[in-house]
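Below are the structure tokens for one structure; questions will follow.
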Amino acid sequence: MKEEVFFGEGMVPVKKDYPDLYEAIVGLNEACYAGKVIDYRTQKLIALGINAAASDDRATKKQMMSAMKEFNISKDEIVDVLRVVLLTSGMPPFTKAMKILKELKE
Amino acid sequence: MKEEVFFGEGMVPVKKDYPDLYEAIVGLNEACYAGKVIDYRTQKLIALGINAAASDDRATKKQMMSAMKEFNISKDEIVDVLRVVLLTSGMPPFTKAMKILKELKE
Amino acid sequence: MKEEVFFGEGMVPVKKDYPDLYEAIVGLNEACYAGKVIDYRTQKLIALGINAAASDDRATKKQMMSAMKEFNISKDEIVDVLRVVLLTSGMPPFTKAMKILKELKE
Amino acid sequence: MKEEVFFGEGMVPVKKDYPDLYEAIVGLNEACYAGKVIDYRTQKLIALGINAAASDDRATKKQMMSAMKEFNISKDEIVDVLRVVLLTSGMPPFTKAMKILKELKE
Amino acid sequence: MKEEVFFGEGMVPVKKDYPDLYEAIVGLNEACYAGKVIDYRTQKLIALGINAAASDDRATKKQMMSAMKEFNISKDEIVDVLRVVLLTSGMPPFTKAMKILKELKE
Amino acid sequence: MKEEVFFGEGMVPVKKDYPDLYEAIVGLNEACYAGKVIDYRTQKLIALGINAAASDDRATKKQMMSAMKEFNISKDEIVDVLRVVLLTSGMPPFTKAMKILKELKE
């Protein structure tokens, strides 16, 4: 699955016009999501936490969609990640991510 | 364990001089680490990822020490978290966290 | 007023589905806005400065609306906050916040 | 050209209502883009890199448009800047900026 | 006082070797701290909040020292600023700033 | 030169214990610094600007040392980068970087 992962719209021109860069990114993605001990699913939850903590709407939304589609990650699991976001990063990134989650579930 | 968690040096004067604030923080900490589905140990890994991604040496070091002491989280597990940090947040926070980990293991 | 404060859309599902978390947030909000020496109004101006400095459109807009509605905070006062944002955080967060302010006043 | 640079919508009310602040900003802008050794064009590329690394859509888009219009900066040059963003700041700011670039070129 | 404000060690070579830049910074500093409605003292509290929220030890420490020396800002006032930092930006920047404050008071 | 580039202390255990990750990082580094149009030297200046804007002392210092040693980048060139940091990111990252530069030159 990891190889086929959809990198998003911004990667389309990279693949087409900058194949050297594309290949390096695929290699990095492979190596980063090839945890020795922590499984891919948990790594995706960590990535979701980092994106939400950084208040990045676009990355947060993409991670949530991918989490729910590819891994059947539940709403409660995502909220458990966002609890950590609240503690480490404050209310604005937390409420922003909760709003994105709410809209995705509707 | 969660109640007894050591908040660090900065919390000592909060507990002593600002009990209302201290209580609210304890309540928040409790609620944030009381995941419904994701266990406390995994939530700590997520917190570590967020702190490292934010390039925060002090918080990263404290999370790593707490992870290793309280939860027997291994070096490989921490590196699996840092793989996600590398992908989402770039080389500087990754190498900074790897350096902290190296120093803690020595 | 503080108890009734509108936390925004993201908090609706928190209140409904995660009452433990909701209560902890209300407790935190109370304790944080219960300054011993600095009044609530000034604390809101500080929150506005922090949100604008973090280049967070959504939080900045919400803080500005709340500032104008709940506290009759004037445009000039908000600009005085944004002056500090400019000095501490540079042009992009400053012009972004000025644009939000302009749109709210129109 | 620097004097006539378009600061964006947020600067319109600054010029009109806060002339003291406007003048200080013009002075700062002049001094910052008056590199002794690095030319203005290269400084704009650096500004683009910083804005993209900060995941700031609005500032990134404005810098890209200004880069292409005022300086005939090519798509390949912008991608060379974004390569550095990827290495220093990770995938989310890189793909966000690549998407903005793609939309601007279409 | 504003003109004589001590900008810190990093400004010494700017004043000496880059007078154009130095003058622009002085002009910016003047304009930013010349609030129309909010007084200089309150603007300094806002700057402290922004620096602490950004987890910047050095800037936070300098703002706290300047706040206490130049304006007789009390420990309780600084804690009231840090309450807002906790709510908007989470535990790590809050505990870091509380630790700096504790060390300054000792 | 790029292949031999010194990644810093944090990379030592990566090379030794996580060769898959190390290789992916080398690949990424190669691809990112292989600009089509912008030369390696200018890309390093952009990286320096991004690190300084992120207020990352450790990365800023390493970039400055590498800039001066590997590329004979002068103090004036670095200051020209920091001018852009000041404009885009405010006084605290600028003065922090100027202080690092001053200490390196002494």
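So that you can tell them apart, the chains are marked A, B, C, D, E and F in the order they are listed, and the count of residues begins at 1 in each.
Just so we're on the same page, a contact is a pair of C-beta atoms (placed from the backbone, for glycine too) under 8 Å apart; a residue touches a chain by one contact, two chains touch by 3 or more.
The structure presented is a predicted model; accordingly, all values stated were derived computationally and were not measured.
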Neighbouring chains common to chain A and chain D, by label: B, C, E, F
Same-site or different-site touching of chain B by its copy chain D, using the half cut: same
Between the pairs C-F and A-F, the one where more C-beta pairs touch: A-F
Rotation angle superposing chain B onto its copy chain E by C-alpha atoms, nearest 5 degrees: 120
Chain separated most widely from chain B, comparing mean CA positions: D
Cα-centroid distance, chain B relative to chain F, in whole angstrom: 27
Chain D, residues touching no fewer than two other chains: 21, 25, 28-29, 31-32, 34, 51, 54, 59, 79, 83, 86-89, 91-92
Category of the chain touch graph - line, ring, star, complete, other: complete
Footprint of chain E on chain A - complex, ascending: 86-92
Complex contact set, residues of chain F against chain A: 20-21, 23-25, 27-28, 30-32, 34
Chain B - residues contacting chain E, complex: 7-14, 17-18, 21, 25, 29, 51, 54, 56, 58-59
Partner chain F, residues of chain B touching it in the complex: 55, 79, 83, 86, 91-92, 94-99, 101-102
In the complex, chain A residues that touch chain B: 28-29, 31-38, 42-43, 45-47, 49-51, 53-54, 59, 74, 76-77, 79-81, 83-89
